[in-house]
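You will see two complexes here that share chain A, one where it goes with chain B and one where it goes with chain C.
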Partner chain A sequence: MRLTCSAGVLGQGLHVVSRAVSSRTTLPILNNVLMQTADNGLQLTATNLEIGIRQTIPAQVQEEGGITVPARLLTDFVTSHPEEPLTMSLDKKTQSLSLKSARFDATIRGIDPADFPPVPAGVDGRKVKVDQTGLREAIEQTVIAASTDEGRPVLTGVYVQLNGGKATLAATDGHRLAVKTLAVEAEAGETDTIVVPARALTELGRILKTGEERIDVTVGAQKNQVFFKTGDVELMSRLIEGTYPNYQQVIPAQSTTTITTKTQDLLFTTKMVSLFSKDAANVIKFKTEGGKLTLTANTSEVGQNVAGVDAKIDGQDLQVAFNSKYLLDVLAILGTEEVQLGFTGPLNPGIIRPVGKDDYLYIIMPVRVAM
Partner chain B sequence: MPPAEVLPASRIAVLPASVADAIAAGEVVDRPAAVVKELVENAIDAGAHRITVRVQDAGRGLVEVVDDGSGIFPEDLSVAFQRHATSKISRLEDMRAVSTLGFRGEALASIAAVAEVEAVSRAAGREAGHRVLLQAGAVLESGVAGSPPGTRLTVKRLFFNTPARLRFLKQPATENGVIVRLVSELALAWPDRSLRLELDGRRVIDTSGEGDLRATLAALYDAETAAAMLSLDDAVVEGLIAPPSIHRATRDHTIILVNGRRIHHRNLAFAVEQAYRGLRDPDRFPVAVLNLRIDASDVDVNVHPTKREVRFRNEGALFATIERACYRALRRSPVYELEAAAAGLAIREAPVLTPYYGTAESGAEPTAADASRLPPLAYVGQLLDSYLVAESRDAVVLIDQHAAHERVLFDRILTRLDQRSPAGQLLLLPQLVELGPPQVAALQSNQEWIERLGFQAEPFGPQTVRLRAAPAELPDRAVADVFARLLDDLAQDRTPEARRRATAALLACHGAVRFGDRLTAESASGLLAALSVTAEPISCPHGRPTTLVLPDQQLRRLFRRP
Partner chain C sequence: MARVVMHVDLDAFYASVEQLRRPELRGKPVIVGGSGVPGERGVVAAASYEARVFGVRSAMPLARARRLCREGIFVPCDFKAYRDASEQVFQILHGYSPLVEPMSLDEAYLDLTGSQALMGQPEPVAVRLRDEVKRSCGLDLSIGIATCKLVAKVASELRKPRGLVVVNAGGEAAFLRPLPISKLPGCGPSTIRRLEPLGVGTIGDLAALPELLLGELFGQYGRLLHAHARGIDPSPVMPPGDPKSISREVTFDQDVLDPPRLRETALALLQDVGHSLRGHGLAARTVAMKIRYYPFETHSCQATLTYPSDRDDELTQAFTRLLDEHLDQSRPVRLIGAGVSNLEARAVQLSLLESRAAERAALDDRLDALRERYGEQAIFRGTSNRPQQKDFRRDDIDHLAAERK
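The block that comes next holds the complex of A and B.
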């Protein structure tokens, strides 16, 4: 293996794929990045066995070959290196990679690529095309509600339903739920449902660019893998097995109290008030009375904070409490100037929507407190 | 009883029937250890300073107790072996305020009835000694004999005429174990007496008798345990109790004395355990030697022939006094400190536990409120996704993230329970829990309590409930499991206080971050801040330490810095 490429381009590529490098693993080779020559350049691959990321960067290949080297060291070296051509060559006998430039002459000990877990270059299955900007937003708006607790694996994923020209993404941790619909262009077929690890989607979200360009998604025919491809980057993820809970029944059909207010204003006020709820399970109270909205948080040891928010209120007066974190999470990613909150009493699910858009909703379960 | 001067011997007389009848009757000599107990107690009553116990073949071969006490007048020596013969009381009124260990005048008679006993004694101030030999209660020989001042009682062929008792003896190792424990307890009860025990010629116990309880404990346990013990000294309760980091698997190490008499009193031992609440693992028990100084007339020792059981005039008040005294001493207990040996280095100069908050400069005793407080901690990082590392003024502090969070949640949940301000997170996906009959019963009878925690359960079939809400601290995954365990807990008969703490501990344990959870710097510092304002930051509700302190001083020593 022998090739020349730009340090800057290699650095960017490593930055993308090393997101899939395990930070903690008992398998040393998973700390490595796989480098293989390809038709049009150098292919970089990393995997933590759950997800794999691959990017091909332009390079002048003089001799074919491949090697795996510690991702961390290589990335640190390359990204600190001046933006100059780098020549890499492999000594097959010692499995060490030499990196040469005008001023540096480095050698990194590697591991034979034969030991690297296979990361398929694609899967067979149903093909879908999605707008990148839309998908990125959908990911942002749903992963926040996914569980981080491995206790119920299926809730650590985002449920995706493909139905005609529409994809529905949903995530819940048992206390809140986010549901987003998105237009897609899918190959004809039955309704498909899969559960994609939220972590994989978060990584995908980082890779996605804002632009017109669409991304190719392939849902593996075995329903155990999903494959994303955008430009020269590919991301492969295994899927989570298990039945996703029926979340539809939780979504309230109507509200008896609706509050419409400025998203940023509510976000700011909630943040300020919740400083006083840290020691009380983050509980914050909403109260509407005489057309006014008041937010309260108190902890016996800390003190309390009460704040009013300008809002348009329709319907009955209401007092409801919930975990402020759940509200802050959604307000931060809502993306519209105004937000609407709907309630049907202190013990029923509250519904939060971006005003002027009907492709997203967020359900928040209240906390029962002594009012 | 100052052991330095020798007590004069007292005359022994047989109690009148009216007095003898009032004494709790019953056989006290059921095993070799009982012989040891009676003989050593007699020696203590005789003001002996040095008492040597020799045992062979677990007491079946020989039990011999030699003392340097007051001795017995020659003319009284055979009287001592008669029933109800005592020098310690003479009238019924004396029994109301007994200040000696013996008073029944029964022990020697009982022993002599079942063995061959030789007694040699020289009374204080007399020129010569006297000797008697008895078998099955009958005097076989009696006469003048050479003897050092004091008394020697030799018991051979124990139970030779009572085959039933012989059969009930346990393995020699077991009988020896009971004897060792008994002599240890007597030594702790009487640190101003030097007690020696030799088992088959091997010296097992040897206390100096210098009057220092800590030194006595060091001779019986080990120097480190003794050094770590916290001392208590108030009007009623004196003695030593172990810091929470030292504990044993059985209750045997909680020794309660009343005016020097070892008693077995379940409830008072429980008062000691109670003081450790929140600092102690439920299946580990304290090491404690506590002497209660109680007016002899406020305690009735004439309940049981072995005098192990006593009655107090005001047990409730005594319970509270003990608990309070122990509680105070414990809260003065120091922050857990990392032992050098634990770091793989056998450096023994440093005590295992030294108060982190030395008040050397001020010289003042730390107040109970400050002592177990943590020093201000600056968060440094997380190790192995399980421990937090922090830095304080002059030490490295390691924090067990789970234990620390448990402590924080425990306090929070208790506050919430007390304020009756539940925070029940409603569940988006209600959870079904299957219950057994005792759990169903516990649910029905504790409805109010369960709701106060934040749970909301509705019936869903005869043995199943549907949970619609759960305490806000609990992660979704733990909800059903904690609910079932809570019901198991509630099915047990507990005092309201025990129930309150058990419930909070259960919720705290399951709500806390786990080992292996990676924490953001923000939540880790938040946890440290929250921990430092809790009432008992140094240990989790189960009594395990939350924090280990490695003083810079010690680090320097480990790195061999000059």
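The block that comes next holds the complex of A and C.
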């Protein structure tokens, strides 16, 4: 293996794929990035066995071959390196990679690529195309609600239902639920349901660019893998097995109190008020009375903060408490000027929607406190 | 400087409230209790002074009250009305001292220490307070003033109704000396039974017993009795705050060797604890049980919950395990208690996927609302029978933060 490429381009590529490098692993080779020569340049691959990311960067290949080297060291070296050509060559006997430039002559010891776990270059299966901007927004709006508790693996994923030209993404950690619908390009009558790890989607979200360009999504025929391809980057993820809970039944059909207000104003006020409940499970209380909305947080040891919010209120007076984190998460990614909140009492789920859009909803379960 | 503690006790409170809002009952023997039907089971919650002449007393079965007082007018309890009236009275009390410790709807301690320059001497203050309550609320009350809570309480009981008794500093022991021991708070029938053979009839007799002997007979409680009999009670007047622990215990008149009955009684007490816990907006991490076997051997044990809880079902589950593990079924029990500690502000994140939690919490709230409206004894869960009031003396203990300091 022998090739020359730009240090800057290689640095960007390593930055993308190293997101899949395992941070803690018992398998040392998973700390490495796989570098292989390809038809049109150098292919970089990393995996943590759950997800894999591959990117091909332009390079002048003089001799084919491949090697795995520690991702961290290579990335640090390359991204600190001046923006100039870098020549790499492999000494197969010692499995060490030499990197040469005008001023540097470095050698990194690697591990034989034959030991690297296979990361498929694509799978056969159901294919759909999705708009990048739309998918990025959908990911941002749903992964926040996914669980991080491995105790119930299915909830660490995002439940994706494909139904003709529409995909519905849903995520819940048992305390809140996010549901987003977006248009996809698929063959008519196609239906499918899969659970994609939220972590994989978060990484995909980082890779996706804003733009008209579409992304190819393939669900493996075995229904244990999903494969995303955009330009020269590919991301694959295993799927989570298990039955996703029937989330539809927790979506309230109607509300007895609705509050409409400016998203940024509510976000700012919630942040300010919740400073006072950091030590008290982040509990923040909402109270509507006489057409006014008041937010309160208090901790007996800390103190309290009470704030009024300009809002349009319909329906019954209400007092309800939430974990402010759940509220801040959704307000930060709602993307509309106004937000509508609907409630039916202090023990029932509340519903949050972006005003003017009907493709998203967020359900939040209250905290039972003394009012 | 000696403390000035005032004990205020409304006279025949429930009955007076009834007479106040129904003028036709004034001057008549009014007996409040149960559903107001003397043929039904239930006990007298309050009797007007006109009824007391016939020997009708609180906690007496209604049927017995009927036999004693043929012309008695029986009225059902209306806790909402009593609560409202009590609130009015307490508003007045707060005008006399910043330190008001409510003991029940009709009873409170006020600390007047150091307020003479502002308010005047205790006795005229007491007269003003009594007149103001009569004028604004139409209710009579009795007042005791002393240097400690215990003596003030004994003093207020002494000349009911409309009594005013002042015990000066240094005169406490002499004031208590001639009174029968039944007048000493905390001295119940079984304590009296155990003291009688020693020739103790008056509080003075009790004060004369060596502390060591009382300690041997009653343990910790014996030393407390010794101090109380001499008019010594350093406990401060404490306005209600967030408690550090909440417990309820009962002392049976007769020792009980009946595990199902002990269990029912304890679980009823625990529900009472749960009610108070929810009333404070708190949740508990620890559930505790206290048992005193005959003659005076006390055991305590506790269990820690996975998550803080204020729900009857979760507290009961933990308590039942304690009972199963620690109750010695072969020994007669003199006292049983249930309590919670490690309290924190209630903040239970409800689940979207497990909806029963909200339903169970709603059930507790509904039961609490019924108790607030119809009284503590109004409703209990199926696992526990209504405790018979005449069986035991119930002690309510909300340990306050200050007590720990």
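Everything that follows uses one rule, which is that the second predicted complex is superposed on the first by the 368 of 371 C-alpha atoms of A that agree within 3 Å, B and C clash if a C-alpha of one lies under 4 Å from a C-alpha of the other, contacts with A are read in each partner's own complex, and residues count from 1 in each chain.
Just so we're on the same page, a contact is a pair of C-beta atoms (placed from the backbone, for glycine too) under 8 Å apart; a residue touches a chain by one contact, two chains touch by 3 or more.
What you see is a predicted model, and the numbers here were worked out from it, not measured in a lab.
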Between chain B and chain C, positioned on chain A by superposition, is the outcome a clash or a fit?
clash
After superposing on the shared chain, does chain C or chain B touch more chain A residues?
B
Could you look at A:151 and tell me whether it touches chain B, chain C, both or neither (first, second, both, neither)?
first
Does the superposition put A:339 against chain B (first), chain C (second), both, or neither?
neither
Taking the superposition on A as described, I'd like to know which of chain B and chain C A:182 touches: first, second, both or neither.
neither
Both chain B and chain C contact which residues of chain A?
172, 174-177, 245, 247, 250, 280-281, 283, 300, 321, 323, 347, 349, 363, 365-370
Contact residues on chain A for chain C in the complex?
172, 174-177, 245, 247, 250, 280-281, 283, 299-300, 321, 323, 347-349, 363, 365-370
Hey, which residues of chain C end up touching chain A in the complex?
242, 278, 280-282, 345-354, 358, 361-362
Where on chain B does chain A make contact in their complex?
385, 412, 415-416, 419-429, 454, 456, 469, 472-473, 475-478, 526, 530, 533
Residues of chain A touching chain B in the complex:
24, 147, 149, 151-152, 155, 172-177, 245, 247, 250, 278-283, 300-301, 321, 323, 347, 349, 363, 365-370
